[in-house]
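Think of it as A, B, C, D, E and F in the order they're written, each chain with its own count starting at 1.
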């Protein structure tokens, strides 16, 4: 090898990213800066969008080896944690450790509001199919209406990994826009009188019930929809750490440093999948548009079902708490409180809205479970995992059973 | 285009039914739980006992503190006695 | 693909876990709930048994892909950390960071009590062989008598991975039962006068000695029993972080969030190995029975050797501190204190019992090292690791040397 | 298998490390103890050198399976994090979270001092080539003069992994010796009058500038030198967490428990590569000697350029702040303060020296980037990563482009 | 020996040039930034408003505390009113 | 059944011997250590010096605080002097 001054100079000049920087890369760097701007100055879910934007910035420096597709690169390494569905469940454990199910347990019928708000998911699914996405893709896009970041990322990585980046960006962005998107819809769909309804105070709940609840949810929901176990099970485990009263150490770690560490890695990895090739497509615009649809319909679904519950209960339920059924904890509950107190400043809906709010988290997880039951396929997961554990046992007996059944039905 | 809008509508209706089914089951589970295990106001914190039967944890503390103190002031542990630990 | 309402319904119904739920799964879910109950309401080592029980619950939801054998699943991922012996040493580092060797250094002869209590390990080994286990299995079962969770898991994952779940459950359960198991044995094997013996106060120890001690232990023990280096070395490293006075940051992390994170993953992984197939066997009952034997004999061994030391020292040693030699830090030391103060409320044995208590940890690690020297084989470890690092160098020169020596001896 | 008493005894004796302990191993254990001694009693970068020394101790117990080359062993597992360049960038993120760029932004021309101090890197490079190292090795040795641990480890693991151990030891040891190495050189190269110069107080900087700065650095530097993106990008991300004001959770985790965890693993892994085979070589002595050269020339370069800046600015710059350009944050800045206050106790250089101090970190990262542009080759990285992600995509288009260009030039 | 000292000198000169180039670009970037976005002294902390328009976050707090308090004292939330939250 | 009870007894006796051997070696190591490095009561914390030779760390602190203060009150660092830092 020669190291003359001129040949070395040539080598350095050729290795700068400028020589291969294309307009797409530059545009993506601009988008990365926009995300960082929104995170910091507009406070759009900064814990996620700041590292996500920064990951996007790093990934789009040509030759930096930081894109999620650059085998051997740092962010590709973190990306394995999404691909193999390790990171979202750990985040969900932390969310569970942060969640108080008290208001939900005090008034369990609000679970119906968490179910009704899922209509946003399905309106979006239909819209996405209409716009040309296939069923798996449409499901992953629809779940944006679930307004839960980890659920969206988990489902997208299973059903439509090539759409992960725009779905994650849409999910977190609209979540931040909940205070802008929801109020007009809420006012449009309710009457002044309904908005003034004051709800009865919640009755206190035994600590024992709070402890048994996560186990009960796990058994009921996971037996019915096994595909969602990693997400819902870890969510409930985090809640057990919180409520059991005997695992304070684990609770503290799960809700602070562990969720923080995993958030950094997850957000960087999602950002690293935002390359020009995967993001600068018509699909991205479609997904952004569908995401808005998802949030709007989810809000409407919750509010309309709230009115139904209001009627049925003889005016005891303020329909404004329905909008909190989209989840986006605790933002959406605050919006219910705010819109309610605009009509009557002595109306305190926050605690009542926390019930549907956490119900919405369970609701979207269940919705994700339904999609996994219908369209889930573990092929890719097994392929990639093969590298980690060569001794592949029997690939998921359950799915094989399912396949057999499907075969039989077809005949 | 593999998927048709009608299929999407079918799937949506089915999925909403499943979601409502699951969550209604959950509602009844919760109602049963709350009925079975009603809320009881936590008892008022018991007055500090001064008698011999202090809680086992405090026994440990007294033992540990006594041993340390003994090492420090240079007396045998049985030459003095810690009567009470008051947490602030 | 067709998505008619009826075919989709069929698909969902077929994919519920109910269709494949067998009685074994249901029983295991019951056992999982039992573990959670014991952890929360009976305070059985809740930091371990709560996530372990929850992991068992998740693993036994059919088609949830959460069993330790489900390649590609979340808990299988954590399980790799046990299989490749990464997690137990990190936990041991945290335990080292939490351990004060001061009482042991002030009265080093109590190390003999930590040795004597290992008799429980060997009585159990003999019992296990008698019940039909082979030598490797019997060793892994025997170490339950060591009363150290990470040591048991480490050894079981090396010598008898198929018995990991019952061994871990037995080890942690009996550890919690120490306050019930030990006192009758202690009272039976000592006289009233012996129990009243007051011990001389411990002399203070130079900080320099406390710093040098972990290095000395590492050199002495690991050179003699190299197989135990990952466990004992990391234990001593954690203690160095504590005593050195110059690594406060690392000490704090090792004894709080790092050990907590690893505990969550380890316990979930152990729980995920509790499947009907591996747990609902006669072996499990045998192991549960042998585990009780192990704790009882370990306690007896410690107390009897305590009496010997009492005699030899001319009545200066209270034999009750012998039972603390089983480890189960700090529970067993508290039991010594309690049984002692029952005879004479002015008798303070806690600090004196802390010496044999931590000696028991070293003792069981040494016992594990002896087993690894006798029965250790790194074949499986290399096989699984092969996936992680394809460029396999020379597989463990030392073991090969050992094999050669064995060959020579045979001839 | 026979388990007679005598054959078992034989087996145990043969499996002790004593039977295979060679003088090299014993010497390395001595060196490990020396490192631990320096860390604790001489306070040589104890957060790194204590676990590094302990890792060396464990690795040199024969048959312990703790050397970085023992496939399947614990420290080999951590070592993968260095080999695949995962750990140093995470540490750099934490360092970024700990760094205040305020003084640098208030007086940006001091970046030139951070550049000038890199002369130490290149004098050492030339020296290393003179002593027979090849260009890659010489580069990795030279970067010791950058006085940044993670940068040195990152570059060494890419360009000369077989020299990682001595390079890391030299880098951290000399960093601790900065208060001894620098002052004589600083006094020699400056006049009494220059040392007495008092600098104008720094002007305050808008928070917005502090937030934009890391993005600007990332774009400017990484586009010009893409190879350094993992290191510099993560450094700047950590700083964003700090300055943005909206990610307090992530900031706290990055600068405490996350960096602590990674430090433990990294230092153990580096220590585990200190085997007799790799460390007890003439090269190690050469590297130790060259490292001293590196620090001395870096200091001299900074101070001399400081004098130039002093002249050009008309006496407004105290040349003593130049020595802080070697980085070794914040030690070198303290040395500037100390040497300055020796002449005039009312002279407060600390804040002024913090500017070149952090500039030195950027400077060495840029220097590493230049080396990667010239000599970087991702072959080995892809090979090892192949195991983790079998679906190897297109191996780094940029490098291929570069290779093509090189081909063309050759013709 | 593959590498010659002259090559090393060449590489060194080149690398130092690159480093100075990159850092000088950075200096100008910073100078431009500082000029474009000058430092402004942070405004004095505003006096606590006593009027109805308390900050939105406090609204939440009042709502939450009111609800809890209501549950505790057994009155409906509109039967009493929290006037002010004073942080200590 | 591969293993016989007699083999298990053999192994057990051997293992107990090894454990006692190792731990007895450890006992003597500790005794030697404690003898070589006896405990010394830590010296009473030295009275705060008021003279010029304050600890190096405090030098740094004084420098940093002086610089910050200078920036804040708008004086040059040598126009005033911090005499003492009192930690609370």
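Basically, a contact is a pair of C-beta atoms (placed from the backbone, for glycine too) under 8 Å apart; a residue touches a chain by one contact, two chains touch by 3 or more.
All values reported here derive from a predicted model rather than from experimental measurement.
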* **Both-way neighbours, i.e. chains that touch chain D and touch chain C** => A, F
* To do: Farthest from chain C by Cα centre, which chain is it? Let me know.
  => E
* Average the CA atoms of each chain to get its centre, and name the chain whose centre is farthest from that of chain B. => D
* Asked: Measuring from the mean C-alpha position of chain D to the mean C-alpha position of chain F, what distance in angstrom results?
  -> 25
* Structure fact -> Taking each chain's centre as the mean of its CA atoms, chain B sits from chain E at a distance in Å of 36
* Structure fact -> chain B to chain D, mean C-alpha position gap in Å, rounds to 46
* Structure fact -> When centres are defined as mean Cα positions, the distance from chain C to chain E in whole Å is 46
* To do: Send over the residues of chain D in touch with two or more other chains.
  => 1, 3, 8, 12, 135, 203-204, 224-225, 256-257, 370, 374, 384, 386-388
* Can you list the chain F residues in contact with two or more other chains? -> 2-3, 7-8, 11, 14, 18
* Asked: Tell me, which pairs of chains are in touch?
  -> A-B, A-C, A-D, A-E, B-C, C-D, C-F, D-E, D-F
* To do: Could you please specify the touching residues of chain D with respect to chain F in the complex?
  => 1-5, 8-9, 12, 198, 200-204, 334, 337-338, 341, 345-351
* What residues on chain A touch chain B, complex-wise? -> 104-105, 108-109, 111-112, 114-115, 118-119, 121-123, 125-126, 128-130, 132-135, 138, 203-206, 208-209, 212-213, 216-217, 220-221, 224-225, 359, 362-363, 366-367, 370-371, 374
* To do: Within their complex, state which residues of chain C touch chain D.
  => 84-86, 89, 93, 135, 211, 215, 218-219, 222-227, 229-230, 233-234, 236-237, 240-241, 244-247, 249-250, 252-254, 256-258, 370, 373-374, 378, 381-382, 384-393, 395-399, 401-402, 405-406, 409
* Using the touch definition up top, name the residues of chain B that touch chain A in the complex. => 1-5, 7-9, 11-12, 14-16, 18-20, 22-27, 29-31, 33-34, 37-41
* Give every residue of chain F touching chain D within the complex, in rising order. => 2-3, 7-8, 10-11, 13-14, 18, 52, 56, 59-60, 62-64, 66-68, 70-71, 76-78, 81
